[in-house]
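Multiple structures follow.
Both complexes shown next keep chain A, but they swap its partner, so chain B is in the first and chain C is in the second.
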Partner chain A sequence: MKNIIFKELKELTRDGRFKIAIVISLILLVVATITGINQYQKNNQQYLESAETERKVWETQGEKNPHSAAHYGTYAFKPKFALSLFDYGVTKYTGNSIFLEAHNRHEASFSEATDQTSLARFGTLSINFVLIYLFPLIIILIGYNSYTKEVEHKTLTLLKSQGVHPTKLTLGKWLATFIPVFLLTAIIFLIIGIILSSLENLAFFTWSSLLAIFASYTLYYLIITTITVLISMWSKSSGMSLVSCLIIWIIFSFITPKIATNFANENHPYPSKSEFSTRIAEDRKNGLDGHNPWNKAAKKLEQETLQKYNVDSLSQLPFNYAGYRMQKGEEHEAKIYEKHYNILNEIANNQNNTYKKLSFLSPFFPIRFLSMDIANTSDNLHWKFTKAAEKYRIEKQRFLNNDIKDNSKLGERGYKMSAESFKKLPKFSFTPPTLGEILKDNTQNIFFLSLWFFIPFLGLIITSKKI
Partner chain B sequence: MFYNNLIYEIKLLIRSNWLILLLIGITLLFVFATFNGNKNVTKRVNDIAEVQEGFNKKDSLMLATLIKIEKGEKTGLPYWQLPSEPMTVGSRYPRIAIMHPEALSFLATGQSDMYTHFKSPTVYGNNFALDYSEMVNPVQLLFGNFDLAFVIIYILPLLIIAFTFNVLSKEKELGTLRLLGAQPISVINWLLQKIIIRYLIFTIITSIILLITIALFSPNAFNSINNLFGLFLLIYGYILFWFVISFIVNIKINHSSKNALSLIGIWLLIVMVLPATVNQIGNSLYPTPSRLKMINEIRLIKKENEKKQNEIMSEYLRTHPELAQGNGNDKFGFWHNYFASEKIMEERTKPLLAEYDLQLKKQQNLIRMFKYVSPAILMQQSLNNIAGTSEKHYNDYKKQVFEFSNTWRDYLVPMLFKKQKFKVDNYKELPQFTYKNRIVNNVWLNLLSMLILSITIFVLLGFKDLKRKIIPITRL
Partner chain C sequence: MITIKNITKKFNDFIAVNNLSLEVKEGEILCLLGANGAGKSTTINMLLNFIEPSFGSAKINGLDVVKNPIKTKNFLTYIPENLMLYPTLTAIENLDYFCKLSGKNFDKTELKLYLTDAGLQEEAHNNRVKTFSKGMRQKVGIALAIAKESKVLLLDEPTSGLDPKSSNEFMDLLTRMKDDGVAILMATHDLFRAKEVSTHIGIMRSGKLENYSDSSKVSLKELETIYLDIMNFKNVS
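Let's look at the complex of A and B:
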């Protein structure tokens, strides 16, 4: 078997097409890495600066009515994660900043894509772009004729007469197809790791995540290798084999994702923004309004509070009822938002599940989702970020409303919170999920990838005995 | 000779099942893509209809209230919700500015999946910086849509490659090339004729199927006959480009599997690698101005302005105008103050936003120049232009909404200062928004660029062989 692998690899080094493909891919990788690092550093710098400036703006706003401060609000910025350098995922399509103010939950605003021309829709050259689209092609290029050339040169019978075990022959050819790209990928990941660990101000970089992505891609390449060799075994000529492999590659990585988009959209349509906000407004109209003491729900709250503290009038309460009501109203509004955003999240999950369910049509889906999930550039992560920002917004509101409640008097109009107190609001921080959590979320993807490997591999072993 | 060749070619194609395969393939792709495109447009139309319905309901309520007020009847509304106040109309009853789809919008999703198609600018607040992004699952934006533009840009070239990659090499591999060499026509001329014949067959099939598909699924498109005509011309240009490439590869390489491999390589380069690389390098060289920085700057201005705004009115009322209490002249006073305080903020932030917008426009224009790098980019932008879904259209829509917001203000604010009431008559003459597609679609320019590119490649790479009229024996 060793001999087979060596012979195949030697032939490969003599193949000009292989060399050209490798050289082009490497050039693209270098361009992707340099521009990627450049952009990452700039964006990261911008993120750090913005977060700092915004905090400073908040802390130095001077003495102010807490509720005015709540409307003046603050921003939550999404950190740049180290591995976003490797896979941009959906970051281009999600905003990086969320405005946090009283009463209203805002969407992340200003996605990069809305500022770019339609050229951006062709995709962006990134390391992951080369690895996910081009490397499978190199595998196809290496393996498409692994069997057909023996048939065409009429050397297959010669090989058989030498008493090679057919399965060993297959495994040899299979490994010879896989090894070059595997080695190349290993080197690339090593270099990425070294580059990433030497960058300054890097957020959340772990070798284990990088290793996990490497393992995922290796599995993907194993799938492509197996399918390629299998097709080569089944095909009558090299030309047929090549065409079949290419068609499969195009279906996997171009056609199914787009068809899946239409499926997902058809079965689980997103509401339009105005529809979404109308539904929220509808719910809010009937609920507790922190500002409006004459509203029915507000009256009820007043009665309950008086009963609870066993007093006759609001002025006898041990705190400022206005702040208390404001906070209750805020909590109520937050719940409405939570309800509607959960519905939205559900739709998004259903859409993504549509993609994942179609994984049996193409192994491209599981690897695409897995890759961006581990790189922290998926929409899962974006949801986690928006939820964290919302949690912080509620916390911030409580902090400010409690100040009204505890430090001002009922009916006091000109009350102002001291300038120093604003500094006491904890800073917003967002920690991405751990690798373990991400992998657990992705069990289905990993399962599909494994299935995509095992079934063709089984086919490979069975076919090998028949040839 | 050409005639002989033509007859022979058609016979050959019919017997080899190629035509049937092509016919079925293109039909399925076009029908599915048109169907999808139509669904997207329908969703857009439905969303618009829903908003319009809500708007009409609200408006008829407002009108009923106005009539009641004019008759002197009780309305039961708090004073700050009364539509007889021009400012209440301006803020609570804004018009909707709708961007209706074009007749050919089904053709290319373009940027339409990212932006909203209706906006209601109010009488105050910064209408210059409204958020136009639509709610959408980012994964969908990442993977893109299976629309006609996708089929034309990505898949048609593949069909062309499959249709032409071995025109010459097959003769060689079958051993009939030497026979051909003995005919009274040069092999190159023979090949050129064959490629031209196949080009004609391919374009005719594509045109007929596309025409039938559109007629069946989107007959509306025929209302915009100019654009439809442009679409066909562009497709012919794009197909021509790929036939030229195939012709060159046929004479230069002349080996079936190597031909196929090279053509696939070129396809990959033109529809995938070049656009992605150009996009990445372009954005590295000319980055879009940072939105985060813009946010920071606006926040700083806002902070500075607060004091000034506070001088005009209490900070508390500024954020909650609905809580202003008062009667008679006080009410007007409140709105005056409110408007003045908002205006300060707007006047200060507007230059910053305008500056940002200008930078962005410059950057986008630079990036747009890259379309000449790859015919695929050129084609995508042309199709988006025809479909009315390019970023230019959305930028212009934003501009139109902003212009409209000024008209809206200019109508209502003077009423406030003149202490006029809003009446039923005023309702009838309220300014209305109609979106106008003001973007020149540049079909001819883009078509010309595509033709020039094809001819240049043909002349530079193929002309030498054509003049020599024989293929060097080494390549036979």
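Let's look at the complex of A and C:
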């Protein structure tokens, strides 16, 4: 088998087309790596600076009324994950910071796409593009004629008359198709891993996650290799084989994802922005308003509080009722937001599940979802981030409202929180899920990828004996 | 070495080989003559297990070729009418690859020796095969047979399209291999070469062996008469 692999590779290195393909993809990769790492460093620097500046502004705002500070707000920034180099995922369209203020939950804003002209639609050259689209194409270019060339050059008869085991021959050709791209991928991951690990202030880089992404891509390439060699065995001519392989490549990477998107949107439509805001406003209208002591819900809360502390008037309470009411109102609003965002999250989950269920159409879905999740660039992760930011917002409001409640008097005008106290607010930090948790979440994707590998591989072994 | 017993091959209604039996012992060359479609190639393909016989059995070195498809191939070398090699590899690399597929490993000097033995000029050893003529490729095939120490050589019209000199050289190689005890089965149209090189001659028509004779006991003239009689008989019937 070793001999078959070496002979195939030797033939490959003497093929001009292969040389050109490898040189072009190497150039693309070098360019993509350099720009990717530069971009990453720039973005990461921006993230670190913004987070630091924002905190500084908060800590040095001086004496201020806590509720004014709450309205003034702060930003929560999403970290730039190191592995996003390998898979941009949805980061281009999701925002990277969330404005945190009193009463309102905001969506993430400042996405990369909004900072670019509409030319961004054409996409950028990235490692992610090379890995997901270009490398499968190179596998096809290497393997499409692995069998048909033997038939066309009439070397198959001589080959068959040598008493070589047909399965060994197939496995040899299969490995020879796989090895070039595998080596290239391994080198890229190694180089980028070394560069990344030498960078300072790296956000959440682990070699185990890098290895996990590498393993996922390897599995995807194995699938493409198997299908390519299988098609070469079935085809009557190299031309037919190439066309069939290319059609499959187009179906996998371009057509099925678009069909799935339509399908997911059709079955689980997202509400429009205005629809969403109207529903929230509707719910808020009937609830407690921290600013308005005269609405129905506020009156009710007053009665309950007086009863609970067994006093006759608000001034007799051991704390400032205004701060207490403000916090209760905040909690009520947060609940409404939670309810409506959960509905959105549910729809997003359903859409994702639609993709996952369509994995039998194309191995492209499971590999994309898996690699995005490991790279922390998935929609899933974005939801985790927005939830963490919301949780922090609620905590921050409680921190500020409790200050009013505990340190000021009822009806006191012009109360100011001490400059020092602002520093006591804990910092916002977001930790992505661990690799173990991610893989556990992705068992279905891994299962589908394995199926996509094993079934064609079985076909390969069976067909090999008939050649 | 080569034993074919009552072998028949049907393709739907067409009978390509009809109850054929023959034997080629060590140091014998059997030349199969006959018109196109007489069943010569089909017989060779059945010995290679490329085609499975409908009835009967074919054996190489006492082993049934259908039951031992890989083992039997280790004893034989097959040279088709137009032997093709990998165009981007050199003569040495081609020979090396096919030897290794048969489980035989040689170093470069040994491989060169085999190529020289088969009559391929030294200058061509390191050239890529895409520049080779048919005769040169055929020599690589013979080198393979020598290297593998094949006991059986199966040839399907190896000299068609070769110039007289190459053809002559090729026949010399066959005679040498015969003297080394190789059993050779060759399908050909060339009566003259067949008479010259073979130990036995078989004439086939419509899948049947119509005549089998010892080459030394029949003159070229007689052979031609027998051949023409058999072919003409078909026309009469």
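By our rule, the second predicted complex is superposed on the first by the 467 of 467 C-alpha atoms of A that agree within 3 Å, B and C clash if a C-alpha of one lies under 4 Å from a C-alpha of the other, contacts with A are read in each partner's own complex, and residues count from 1 in each chain.
In this text, a residue touches a chain if its C-beta (ideal position, glycine included) is under 8 Å from a C-beta of that chain, and two chains touch if they have at least 3 such contacts.
As the structure is a computational prediction, the values presented were derived from the model and not from experiment.
Student: Which of the two, chain B or chain C, is in touch with more residues of chain A?
Tutor: Partner with more touched residues of chain A: B.
Student: Please work out whether A:H165 is in contact with chain B alone, chain C alone, both, or neither, and reply first, second, both or neither.
Tutor: second
Student: A:I255 in the overlay: touching chain B, chain C, both, or neither? Say first, second, both or neither.
Tutor: first
Student: For A:L314, is the partner it touches chain B (first), chain C (second), both, or none of the two (neither)?
Tutor: Touch partners of A:L314: none, neither chain B nor chain C.
Student: Contact-wise, after the overlay, does A:C245 reach chain B, chain C, both or neither (first, second, both, neither)?
Tutor: Neither chain B nor chain C is touched by A:C245.
Student: Applying the touch criterion given at the start, work out whether A:T157 contacts chain B, chain C, both or neither, answering first, second, both or neither.
Tutor: Only chain C; A:T157 stays clear of chain B.
Student: Quick check on the superposed pair: does A:L381 touch chain B, chain C, both, or neither? Answer first, second, both or neither.
Tutor: After superposing on A, A:L381 lies clear of both chain B and chain C.
Student: Is A:Q61 touching anything from chain B or chain C once the two structures are fitted on A? First, second, both or neither.
Tutor: A:Q61 contacts chain B only, not chain C.
Student: Using the touch definition from the top, say if A:I192 reaches chain B (first), chain C (second), both or neither.
Tutor: Neither: A:I192 stays clear of chain B and chain C.
Student: Could you tell me if A:M233 is touching chain B, chain C, both of them or neither one (first, second, both, neither)?
Tutor: A:M233 contacts neither chain B nor chain C.
Student: Output the chain A positions appearing in both contact lists, the one against chain B and the one against chain C.
Tutor: In the superposed arrangement, which is not itself an observed complex, chain A uses no residue for both chain B and chain C.
Student: Per the contact definition, I'd like the list of chain A residues that touch chain B in the complex.
Tutor: Counting only chain A, the residues touching chain B are 17, 24, 28, 31-32, 35-36, 38-39, 42, 46-47, 49-50, 53-54, 57, 60-61, 64-65, 67-68, 71-72, 75, 77, 89-90, 93-97, 102, 107, 109-126, 129, 133-134, 137, 141, 238-239, 242-243, 246, 250, 254-255, 257-262, 264-266, 269-276, 278, 291, 344, 347-348, 351-352, 355, 379, 382, 413.
Student: What residues of chain C sit close enough to touch chain A in their complex?
Tutor: Listed in rising order, the residues are 48, 50, 69-74, 76-78, 80, 82-89, 93, 97-98, 100-103, 141, 154.
Student: Report the residues of chain B in contact with chain A in the complex, numbered from low to high.
Tutor: Interface residues on the chain B side: 36, 39-40, 43, 47, 50-51, 54, 110-111, 114-116, 118, 131-146, 150, 154, 158, 162, 256-257, 260-261, 264, 268, 271-273, 275-284, 287-288, 290-293, 295-296, 299-300, 302-303, 306, 315-316, 318-320, 322-323, 360, 364, 367-368, 370-371, 376-377, 380-381, 384, 390-391.
Student: Please name which positions on chain A make contact with chain C in the complex.
Tutor: Residues 3-4, 7, 10-11, 14-15, 153-155, 157-165.
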